[in-house]
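Residue numbering begins at 1 within each chain, and the chains themselves are lettered A, B, C, D, E and F in the order written.
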Amino acid sequence: MTDQQNPTALDLPQVDPLPPATQKYFDICQDKLGMVPNVLRAHAFDIEKLNTFTALYNDLMLGDSNLSKLEREMIAVVVSSYNRCFYCLAAHGAAVRQLSGDPRLGEMLVMNYRVAPLDARQRAMLDFALQLTRASAEVEEADRQALRDVGFSDRDIWDIANVAAFFNMTNRVASGTAMVPNDDYHAQYR
Amino acid sequence: MTDQQNPTALDLPQVDPLPPATQKYFDICQDKLGMVPNVLRAHAFDIEKLNTFTALYNDLMLGDSNLSKLEREMIAVVVSSYNRCFYCLAAHGAAVRQLSGDPRLGEMLVMNYRVAPLDARQRAMLDFALQLTRASAEVEEADRQALRDVGFSDRDIWDIANVAAFFNMTNRVASGTAMVPNDDYHAQYR
Amino acid sequence: MTDQQNPTALDLPQVDPLPPATQKYFDICQDKLGMVPNVLRAHAFDIEKLNTFTALYNDLMLGDSNLSKLEREMIAVVVSSYNRCFYCLAAHGAAVRQLSGDPRLGEMLVMNYRVAPLDARQRAMLDFALQLTRASAEVEEADRQALRDVGFSDRDIWDIANVAAFFNMTNRVASGTAMVPNDDYHAQYR
Amino acid sequence: MTDQQNPTALDLPQVDPLPPATQKYFDICQDKLGMVPNVLRAHAFDIEKLNTFTALYNDLMLGDSNLSKLEREMIAVVVSSYNRCFYCLAAHGAAVRQLSGDPRLGEMLVMNYRVAPLDARQRAMLDFALQLTRASAEVEEADRQALRDVGFSDRDIWDIANVAAFFNMTNRVASGTAMVPNDDYHAQYR
Amino acid sequence: MTDQQNPTALDLPQVDPLPPATQKYFDICQDKLGMVPNVLRAHAFDIEKLNTFTALYNDLMLGDSNLSKLEREMIAVVVSSYNRCFYCLAAHGAAVRQLSGDPRLGEMLVMNYRVAPLDARQRAMLDFALQLTRASAEVEEADRQALRDVGFSDRDIWDIANVAAFFNMTNRVASGTAMVPNDDYHAQYR
Amino acid sequence: MTDQQNPTALDLPQVDPLPPATQKYFDICQDKLGMVPNVLRAHAFDIEKLNTFTALYNDLMLGDSNLSKLEREMIAVVVSSYNRCFYCLAAHGAAVRQLSGDPRLGEMLVMNYRVAPLDARQRAMLDFALQLTRASAEVEEADRQALRDVGFSDRDIWDIANVAAFFNMTNRVASGTAMVPNDDYHAQYR
């Protein structure tokens, strides 16, 4: 599998040539990450879809939040582990290894986050993300209060819920289209 | 519950005053729908979040697609039924009633879509949406092929997967924050 | 779908003519409800079966009990929501809307009863009904005690258990035979 | 545990003295079965409830049907096994052993009916009963047709569905009230 | 079904003649138990496999432990009940009846251990065995501590976990190969 | 975490000094693997338990079989992925990477084996292992026949079932005791 292969099982060729702004964005990815993530290539059959996806992604994962970027990636991995999404586990597992500098933590979150030695705040955050993933209809005020009790604000709860919800979307897009992660992720930050 | 009440259980007040473009958008909603949907009010504590959400929503639900707007709403309701999301069932159940002119169809999709007298194409579409909701890791090429076999293109499969995935996100945002639907939905198009 | 159509997917024609007592009962239904509920028409291929069913139904739902008729209908809807029974949700959802005068309550119970603003007593009642529906083997003395703790007597516990159990029966009869609810239910009491 | 003990965990004493007709019925049970089944004693706090229950039970399990009495008991055991109902497995497991003269069959149905060497007709009957028990909302016309394909009539399908549904009720009444089976069942027909 | 029949659905004939040590072991079984358990006959196509299996079985079920032999059999039955393993329920249900002298206890553990009148220590032991069977990834330190709180040592926890785990293995070997229990078990110790 | 730390959450110190044969075995592990696997250290509080465990392990995973050693490790990983066992995924994920020379395959099996490009024979093998793990009571002759249809012999079916069953045991021992994998596994063969 190389980056030039089809990033999904669907026959949806990339716009060719890419609009200049998109080409520039992909070039920056190539420079900074050493690859254009396949999720971007997969959306590039329709630039509007690519742009709405990246705008939401960037706001949630890179925008202002009291949750650290690592914590947002931890949520991504725990949600993707429950949903067993190959793409998201490969990509965001690498991100947890990179941002934490702790490859063992990345493996724990991919395999079973309950074995990770987390503080009460991060554990509550991941428990909430899992509950929202597994049985969102059963979330009640007591579950939100449990987050407040370990120090999260209502804005933080919004962020936790939205990051967890976002990966419940992307896991399904990836699995529904057989999206393959770039090979480079597997060996990174081990 | 009036529209002036807090649209979620979180204390995240709306930006006040709203930026002119947002105020104009809300005014248009009020004029055309008779309400500002609470999901918009809920996001309006942060205009960037509101904008990225509405851009994605509008692209998926109102943009170009071979799926009719009704079909996209049907997917929304079936996904939300599996996830038992009060907000999305109220809002999108009303949309199915409106767009189909068939209140009984709306009720069937809210309660158990398997009882609805659908053609093979729409049934396959909803079966795929359900599978993606319930066990996305188990979706395989045979499931995509089943969609092609009833006439869907690869682009259509992208759209079905993305609409189903989107409501797996919004269901969790709504349930995670206890978002309440506008009361008006309940009696509409009965 | 009209009342003259087959109320189930089974070819089991109604006794013709109906015995006078049955005809009189159906006439009363028509007068008071504006319809003969399809569940009665479905049983009328065998008058003994119709009579044993209605005797049990009437004792449980209309007989003496400390549970109000609304509370019994609330149990019916919560059980039927878990089991996703189209017939029972349509018929008893309408009953909740009628008896409560609160269409929104009816919708909440159909969609996800956890979002309804119930007092502790009614919430405990519905939680017990759900547990009995979902995992009856796991009910233990602590669960009965939880009902006593919010004021229910042992007789009330019998009634809650029996109403919940009854709809676990009727949901399966209805779904097993593809019983269709009378169309009139959908628009009632909105 | 003797027959004189409370048949459930609820404090609902039997009517005393029993009405003559009820006493006579219980005396017949004692003569013919060597016991008054605890399910009857449990209902006898309210004679109307006892009567509606026994009328339905007798119609379904002892009335006219193309299903043999053994087949109806087989359904009872398979449903009760899925629901793990101690009362119904003890009582109806004994009935299967009695009516079949095959203690091993009784054990197989209690433990895992899939290991029993059944013909295609009885296997289809039990598969339908299980599906109705486990996921009634998923029953569709193809499932009914599978019963017709092995020789069942629409009336037979009604009977299978209703017997399976009935034990989904009684399992929940028994587990919800901690109903205990008469001790005699355990050693019978081994 | 006689003991001379194939003990599984696989065509794996017993080594013939058996090595003297194996023949002697089988002769002892026949003398003491009145049968050679089919699980031994099933493994006897490969004497090394038979020996490694019996060594582990004997160490866990008959070796030194603070858990009584009855308690280890109780764990075996509760695990096998969850997994619905016909072989293990028949064989170890008989063992519980034998070692406890309480046929009703054996039936309760086969059908639903929650109805058995156990002390807190044995109940905690079985709850842990069930949790390990049903959702081993969710076991955490609090679950082990709950065992310590009712008096179990860390060595006891090892034994509970290993006995429960062992039957999660044997249940799957038995169900995977359609292993049939010796008929004699069904009537023993009733 | 170093190899000198407690390999589980239980206070069960290793026999000290180890018997010469055990010490020699551990020395060989250290020489050949660069570590003594923690699962061996965990059992070493009781040499008989260590020996029965290793005898079974070595027979199943290293003994004669038509399944290659890689295929047995693939089963180990797929079972452990379903059960989300951190220890076994770390250790046997590394083994798949080593034996296959394909780190991506190891990741796929850890995360979701359905995305791996397997031939029909290996896919059927893993599907059977998963079914046995998830719902062993539902395995029937048709499932065994499906293995024969892709070329497996009855002996192979025994081996697949026993390897899958074995990891259902070890996953539960590991999760039940909070067994931690040696750190070295995480970076091996990437």
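Quick notes
Here, a residue touches a chain if its C-beta (ideal position, glycine included) is under 8 Å from a C-beta of that chain, and two chains touch if they have at least 3 such contacts.
Keep in mind the model is a prediction, meaning the values are calculated, not measured.
Residue numbering at the chain A/chain B interface overlaps substantially, since over half of the positions present are found in both copies. One simple way to say how far apart two chains are is to compare their mean CA positions; for chain A and chain E this gives 44 Å. One finds 22 Å separating the Cα centroids of chain E and chain F.
Averaged C-alpha coordinates put the centre of chain A at 30 Å from the centre of chain F.
Counting partners per residue, chain B has 84-85, 112, 137, 140, 175, 178 as the residues that reach two or more other chains. Contacts between chains form some other arrangement here, matching none of path, ring, star or all-to-all. Every pair of chains that touch is listed here: A-B, A-C, A-E, A-F, B-C, B-D, B-F, C-D, C-E, D-E, D-F, E-F.
Residues 137-138, 140 of chain D touch chain B in their complex. Within the complex formed with chain D, the residues of chain E that make contact are 1, 81, 84-86, 89-90, 103-104, 107-108, 110-112, 115, 175, 178, 180, 183, 186-187, 190. Chain contact summary for the complex, chain E toward chain C: residues 112, 114.
Per the touch definition, chain F reaches chain E in the complex via residues 9-12, 45, 48-49, 51-53, 55-56, 59, 63, 83-85, 128, 132-133, 136-137, 139-141, 144, 154-155, 157-158, 160-162, 164-166, 168-173, 175-178.
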